[in-house]
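Please find the structures below.
In the two complexes below, chain A is the common chain; its partner is chain B in one and chain C in the other.
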Partner chain A sequence: MQENVLLQMRQIEKSFPGVRALGGVDFTLRKGEIHALMGENGAGKSTLIKILTGVYHMDSGEVRVEGEKVSIHSPQDAQNKGISTVYQEITLCPNITVAENMFIGREKGIWINHKEREKRADEILGKLGIPARAKQQLGSCSLAVQQMVAIARAVDMQCKVLILDEPTSSLDDKEVKMLFDLMRDLKSRGVGIIFVTHFLEQVYEVSDRITVLRNGELVGEYLTEELPQVELVSKMIGKELEELSSMGEGDDKNAEAGEIFYEAEGLSSSETYPFNFNIRKGEVNGFTGLLGSGRSESVRAIFGADKVGGGSVKIKGKPVKITKPIDAMKNGIGYLAEDRKRDGIIAELSVRENIILALQVMNGMFKPISRSEAEAFADEYIKVLNIKTASRETPVGSLSGGNQQKVILARWLLTHPDYLILDEPTRGIDVGTKLEIQKLVLKLAEEGVSVTFISSEVEEMLRTCSRLIVMRDKHIVGELKGSDLNQTQVMKTIAGGEA
Partner chain B sequence: MENSKIRKREPLTDTQLLMTITIGIFITMYAVAMIALQGGFLHAQQIFDMLNDNAPLIIVSCALTIVMIGGGIDISVGAVTSLTVMACVLYLNNGGNILVSVLLAIGIGLAFGLVQGFLISYLEIQPFIVTLAGLFFARGMTTILSVNPQKAEHAAFNKLREVQFVIPWLGYTARNGNVVPARIELGVLVAILCVVLVFIMLRYMKLGRNFYALGGNQQSALMLGINVKRTRFMSYILSGLLSGISGYVFMLHTGAGNATNAAGMEMNAIASSIIGGTLLTGGVGNVIGTFFGTLTLTTIKKIVVSSGLNDPWWQSITTGGMLCFFIILQSVVLSRRAKKKSA
Partner chain C sequence: MKNGKRNIFKGGLGQLTIPIVSICLLLLFNLIKGLITKDLSFFSIELVRNNFGNMVLSGNLISIINGASELAVLAMGMTLVTAACGGQDISVGAAAAIAGSMFVKVVKTGSSISGMKVLLAFLAACMIACLFAAFNGTLVAVFKIQPMIATLILYTCGRSIAYWINGGATPTVSSPIISGIGSFIPGVPIPTPVIIVVVMAIIFKLVFHFTSIELFTQSVGINGSAARLNGINSTFIKLLSFIILGVCVAVAGTIGVSRLGLINHETLLLDVEMDTILAVAIGGNSLGGGKFKISGSIIGAYVIQTLTITLYAMKVSSTDVKAFKAIVIIILVVIGSPVVKTWFGKFVGKYFKKNKQLAVKGAE
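Up next is the complex of A and B:
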C-alpha cells in the first residue's frame, strides 16, 4: 500500500490463561521514524513486543516485514529477519570486550580474527559516535554506553526494525541525550525505531508518532505533534481529564496537629551521616534530592536496613532500639524498598504468598496463617488495590510492574503499620497506577498512618507530601512546608545557593 | 578522531589482570626461595622435576579452567585419570598395542565427557552432582579392574617411558663430582602442548570465546545467539578428553596403575585454576595463568618440604592458606576495580 511501510502487524491476538493480553491490535512502523508505543502496565505493550521478537507466539493475526508475510519463531529468528531488540536489562556479557560483544554468536567459521573485528568495531562505534573502544572490557563501560553497544550490534546486523524497551530508565540526563542523538542518527539512516518508555517528556522530545494501547486494545495511532500531553495521558489511562486535575493539590495537609509518632536524633548508619528526623501521626512527608543524595539511605537507616551507627530513636515518645528490619516492623514501621525486583517481590511465589509474607514474619513461625485466612486476605487486597492478576495463585513474576508494586504494598498494608516508608513506589509504573498509589497514600494518612514518601518526580511529591526534607550530598539541606512547597523552591534548595 | 593514534594502552581485562598477578607472585616466590633456601632451587632441574611430577595435574587443570570459564565444575577429572591409567596398563600387559592404548585413553576420557556433558547440558542436572557421580563411578571401575597395583610390563611402552629430553648445559654437578644433566620427560611435552592448544582454542576460536560469554552471563549468551547447550556440552567433552590424556601422561610417569592414583587431583586442579586467576563464578580465566597456578601450587609444596616441614599435613595447610590468600586477593582486586568504575 504505502511505499515506506516497514513493519505491519494486523489484528494481533494473544491470550494467556485467564487473561486476554491482546485483542486484535494493529501496529504500523514506517521507515525512518521513531514510533513510541505507549500504554499503562498491562496494556499489552510488552506482549506486542514479545510477539514481534519471537518470545511469544500470537494466537492469530499477521506480521509483515516490508510487505512480506513472516512468522517469527525465536529471538534469533527475529534478528535474522531484521528485527533487533535492546532491552532495559543489558543482554551483553560484561566479562568480554566491546568488540566481542558486537560480533559474538553471529559469525561463521571456527576461527576469530581479533584484529579485523576490533577494527570493524571501532569503525562502527566511531560512525555512530559511541564513546567506547573496541578492546575495552564491556563491564568497564557505563550502563548507557553498554546499551549503545547493544544498539551498535543491532545496527551492524542490518536491522531494519529496532525495538528499544525502556532504554532510558537507568540513564541520567546526559546519557539520555546521547542515546537520543544516536536514535535520531539511526532514523536518518532509515531504521524504524519502536520506543517503549514511561517518560512522557522523552516521547515528545524524540518520537514522530505514538501508538496508544489500553487493556489489550488499540486506542489509536497519532502524530506526536498533534497530540497534546494531557490528551495522551487521558488516552492511556482512559480517565476523564477532570479527575486528573482535581488530584492537584491535596487539601488534607493539616497534619501539623498530630502527635509525633517517630523521632530520631543523630541517627546514622553505615551509609549516612547523623541526621534528625520526625514524623507526626497522619502526616505525609518526603525525602527529596537527586539520585544518590542519600534519600534512600536515610529511610533505610530509619528501617534498620543498613548497619546502624548511632543516635537515639523514640516512638510515641518512648525510646526504642531499631537495628534490624524486624525491630522496625515490630514497632509498626513498614518499608517498601526502592528496587522491587531485588528487595521486594519473590517472583516465583504466588500473589497470595507474597501478600502474607510480612504478616507471617511478624507473627513468627509458630503462628502460621491458615490457608483460608491467607486466601481471604489476598482476595481482599486484590480487590481493594485493584491488582490485575489472573488469580491469587498466579506467580508474582508474571504480573506487570505496577501490579507487582501493588502486591508489595498489600503486603505492608496487611500488617497494619502505623508508619509506612515508600521508596520510589511509583517508579517504572504507569500513570494510572501512579495516581492510584498517590490516592492511597493520602487515604492512609487520613486514617492516621504516617507515611514517608520518596519519588524522583518532584511534582508527585508536592502533590502528596505536607513537608519535604531536601537532601544534597548525603546531608539534609532544607525542610520545606506550607507556602514553600512549590517546584521552584524545591529545585532551588536541591541545587543549593541562595534561596 | 586525531587523538586515537596517541591513545594510551587499553587497561587490562579482568582475565589479564588476574593472570599477571599470578605470574608476578610465582616469580617473586621462586626468587625468594632461591635466595632464602638455595639448595635445589638454584638448579634448573628443580623446575623440570616439578613439571615431570605434575604434567598430569597441568593437563587436568587446563580441563578445569575450560569448564570453570564456562561457569561449570568438573570434579571427576582425577578419577577418570586414575581409571585411564589402570585400563591402559591392563590392556598393555595383555599384549596390547601402544597406539591403541593411546586411543583407549582418549576414548575413556571422551566417554566420560560425553555422558557427563549430556546430563549437565541437555538434561540440566547440576554439574557438581553429575561429576561427583562420575568420580565415584570411575573410582569404582578402577578398583573393579584391579584391586592390586599393576605395573606396566610392556617392552615397547617401557621404552616409550624412558624417552627423555636431556639438556646437559642446564645440568648441575652433584656432590660426588658427577655432572647430572637436566632431564625432561615426554609427558611434560604433552602437557605443554595441551596448554598451548587450549590457549589457542580459548583465545582464537569461536568455541573458546563462547565459553567466556557463557560463563559471563548465560542469559545474555543466549540472546547473543550462542548455542548455550552445545557450548556447555563441548566444555565437558574437552574436560573428559583432557582427563584421558592426563591419564596416559600419568602412566608414562609412574608406569603403574593403582586404585589410589591421582587421589584428590581434582581438588589440586581446581586450586591451580583459581590461583591462576580463574573465577569459580565463570567468565574469567586463562590457561597460561593456570599453568603458572600449577607451578605456584607445586612450588609452595617444595618450599614447605625444603624448609624441613616434612610432614604431609604442612603441605595441605600451606596450600589451604595460599588458596585463601589468592581468593581474597582476587575479590579485593576485582571489587576495587568495580568501585573505581562506579566512581
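Up next is the complex of A and C:
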C-alpha cells in the first residue's frame, strides 16, 4: 500500500495573525484516485491546497511526494515537483490560442516553433478527448473546455498530483459530465486528483475517497462508498441533522401573502427580452433555469443594474421609474449580486465599512453615519448573522466566502428593504451557512419582506420559494406553484419540449 | 494579547510607517552628519528680522516645511484622484501655471491692490483651475480614458494657455498682501504657506468628517462594479475628485505666484507633477487606487523636500541633486514595496518565534 501513496501531508500546521487555520492535518493521496477534500468554508481546505501549491508556507509539518520529503517554495516549484492546480476562475489568457495557452511560459529560449507546438497541442487534446483545436482562440471555447485546456496544460507538464478547486461551479450539467469523463481518464493514467467542491452529488459521482476537515482539524478519511451523504454533511458541519430535516420541503409558507408590492410589465434591459413579473408582500419567489437562461439578467433588470430598455414598473400600485440601482434602493429594493467578488464586497475595506455602505449611499453624501453608530450597526449584524471575523475592522476580503456573503446580506438588511433580491446567495458557501441563509429568507418573509431568490440548487429553492418562475433561453417559460412545486416538475419545465 | 508587540509593530502605524520612517531616517542622517562635522546648523531655528522688519522663524527645517507647501497641497488633491480613478493627473503643474496667471491677471486689473481684489483673484484662479479639472475629470470619468493619457493633453498645452492669459508677458505683482500670502504676515513668525497647508489639511479632515466622500471614493477605487450596484455614482465621485484637485491646484498656484511676486508661466511649479505623484506613493497610498490616507501624502511631500534641502545643505550642485534624489527615492520605494514588506514581516515573525521558543526553554 505504501508504494501506492503519491502524496503525503503530515501534521500540517498553519496560523495567520489571530487565527489558526490548520492544526495538525494529515492528508494522503494515492496513485490513480480521485480524492474529495470536503469541509465548510473556513475549514482549512483552501489553506491546505495553498500550502501544497506553494502559495503559503506551513508553520510546521511535512510533505512527501512519492515518499520523498519535499519543501515547496512557490507555485512554480510545486509545478516542477509535479503538483498542478486548476482554479475555480480560469487563469489562462482568453485572447490567445489554445496552443499558446498550453505552452506559455514553458518553452526554453526565445524561439518558438509554432507548427511543432500546435501539432503537439492537438495531440494532447486528442488524447484526452477535449473538443478544442490548437489554433482556436481560447476565449471562443466554452468555460468547460477552457477549464479542460487548463487541465491539459497541467497534464502535459507531467503532473502527478492534479488539484481541481471548485472546477464545476460555473459549468452546466453536460459540461460537468465532460469534465468528469476527463477526470476518470486521468485517474486511469495514474494521476492523483484532489477534488474540492461544494456539490455533494458530484463528490459521490466521481470520487473514491473523501477527507473531511472542520475548523482546521482533520475529521477523518473515508471511502466514498462507505460514507452516506447525510453522514458526510453531519461530519462537515459537526452537528446532528435534525436541523436539516426540520426544514420541511414545499409546505406553503407564504403562498397567500399580502397585496402586490412590486409589479413590472414588459420590463426589459440591454440583457433581457421584455417580461412581466410581480411579487407580493411577504412572498418568496424565485427565478430558475439553467445558467445563461436569463434568470440573473431578469433580476438585474428589476434592480436597474443594466441599462433599462423599457416597460412600466409599479411599486405598491404607484408607477415608478427605476433606471439605476439608486432608484431601486430608494424604493426599498435591495440586491445581492451573483458574483460576490466582482459585484459585492469592497475587499480592502473593513467589515464595518462594507456593512454600512448601502445605508450610507441611501442617506446621501452629506449625512455620514457616525463612527460610533457604524460600529454599533456592525457589531449588531456580526452577532445576528453570526459573522466569523477577527474584528469589525478586519478587511472583508480576508474573511471566508460564506462570511463575506453574510457581510453583504448585513449590508442590505441594514437598509431595511421591503423587497430583497438574492442572486445565488448560497453559491460556494458551506452547508451550515446555506441553512442559516435559507432560514433567514423565510424569517424575512414572515416579517413582511418580499424576497426573490435565485439558486442553482433546485432543492434549495423548493425549500424556500412558494412560486417559481422558470426561464429558458432568456424567456419565461413557466410559473410553478402549489402542488407543481417539486423537483420533477421543475426539471420538466426547464427542459421544456425536449424532455 | 500574546502577540501584542508584533501587532503594534506591524499594524500600529500601518500605512504611515514608511513615510514616517523615511523622514526620521533623513533627519537622523543629518544629525549624524552634524555630530561628525560638529556643525548642527541644519537643525537650528532662529527668530530673525526679515527685509520688511518682521520677526520671523528661519532655518533649514523651516525652509523645508515652507518649501514643501505647494507640493503638500497638490499631494492632498492628488491622493483623492489616485484613490478614485486608479491613475494620476500629470497636468497639475501646467494647471497651476494657468491658475497663477489668472490670479495675476485679476490682481493686475485696475490700479490699487486691495484685499477684496486678491480674494476675487483667488476665486477666479479657483474657477479656471476647476474648469480645467472638470475637463480632465470628464475625460476620465465619462469617457473612461486612462488618467495619465487624459491629463497629458493639459500637460502639453497648459503652459501655452497660461502664456495667453497675460498676453505673453511675465508681469510682477508687488503688494504687502501678496507677499503676506507668499512669505510672512506681519506679526506672525510662521511662513504663511505653512499655515495654508495646515488650513487645507483641516478642511480635508472636516470634509471627510462631515461627508462620506472618503468611503465612497475608496469603494469606487477598490471595486467600481460593486460600488455602482450599491447605488454609488462613480462618474460623479471621480469627477468630484478632480474638482477637489482643481481647488488644490489653484491654492498651490496662488502660493507659488505670491512667493515670487511674479508669474512665469514657463517655470512656475515646473515638474511638480512627478514630485506630487511621488509624495502620494511615498505616503503609502496605492497608485492603483483604493484605500488612501491624506496624511501619508502630506508627510510624503515633506520627505521629498527634506531630501532636496539635505542635498543642497551638503553642497550638492543643483544639477546633481536630481540624480541623488532619484537614488534615495528608489531605495524608499523598494523598501515600501509589498515584496520587501513580506520579507520583513517574515523576518520579524521568525524573530519573535525564536524569542518565544527561548522563553519556553527558559521556563523549562
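Going forward, the second predicted complex is superposed on the first by the 488 of 499 C-alpha atoms of A that agree within 3 Å, B and C clash if a C-alpha of one lies under 4 Å from a C-alpha of the other, contacts with A are read in each partner's own complex, and residues count from 1 in each chain.
Note that in this section contacts are C-beta pairs under 8 Å (C-beta built on N, C-alpha and C of every residue); 3 or more make two chains touch, one makes a residue touch a chain.
The model shown is predicted, which means the values in this text are computed figures rather than measured ones.
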Return fit or clash for chain B versus chain C, each positioned on chain A through the superposition.
fit
Under the superposition described above, what is the C-alpha centre angle at chain A formed with chain B and chain C, rounded in steps of 10 degrees?
50
Based on the superposed arrangement, let me know which partner A:Pro75 touches: chain B (first), chain C (second), both, or neither?
first
First (chain B), second (chain C), both or neither: which does A:Gly344 touch?
second
Applying the document's definition of touch, where does A:Asn276 land relative to chain B and chain C: first, second, both, or neither?
neither
Which superposed partner A:Gln137 touches (first chain B, second chain C, both, neither):
first
Of the two partner chains, chain B (first) and chain C (second), which one does A:Ile104 touch, if any: first, second, both, or neither?
first
Is A:Pro368 in contact with chain B, with chain C, with both, or with neither (first, second, both, neither)?
second
Between chain B (first) and chain C (second), which, if any, makes contact with A:Pro325: first, second, both or neither?
second
Please state the minimum Cα-Cα separation between chain B and chain C in the superposed model, rounded to the nearest whole Å.
6
Can you pull the chain A residues that chain B and chain C both touch?
none
Write out the stretch or stretches of chain A touching chain C in their complex.
17, 303, 305, 324-326, 329, 335, 337, 342-349, 353, 356-358, 360-363, 365-369, 411
Chain A partner contacts - residues on chain B that touch it in the complex
1, 4, 7, 10-11, 13-15, 204-207, 209-210, 212-213, 215-217, 219-221, 223-226, 283-284, 341
Could you list, by residue number, the parts of chain C that touch chain A in their complex?
3, 7, 209-213, 215-216, 218-219, 222-223, 225-233, 290-291
Complex interface listing, chain A residues touching chain B
75-76, 79, 90-97, 100-101, 104-107, 109-112, 114, 122, 126, 133, 135-137, 139-140
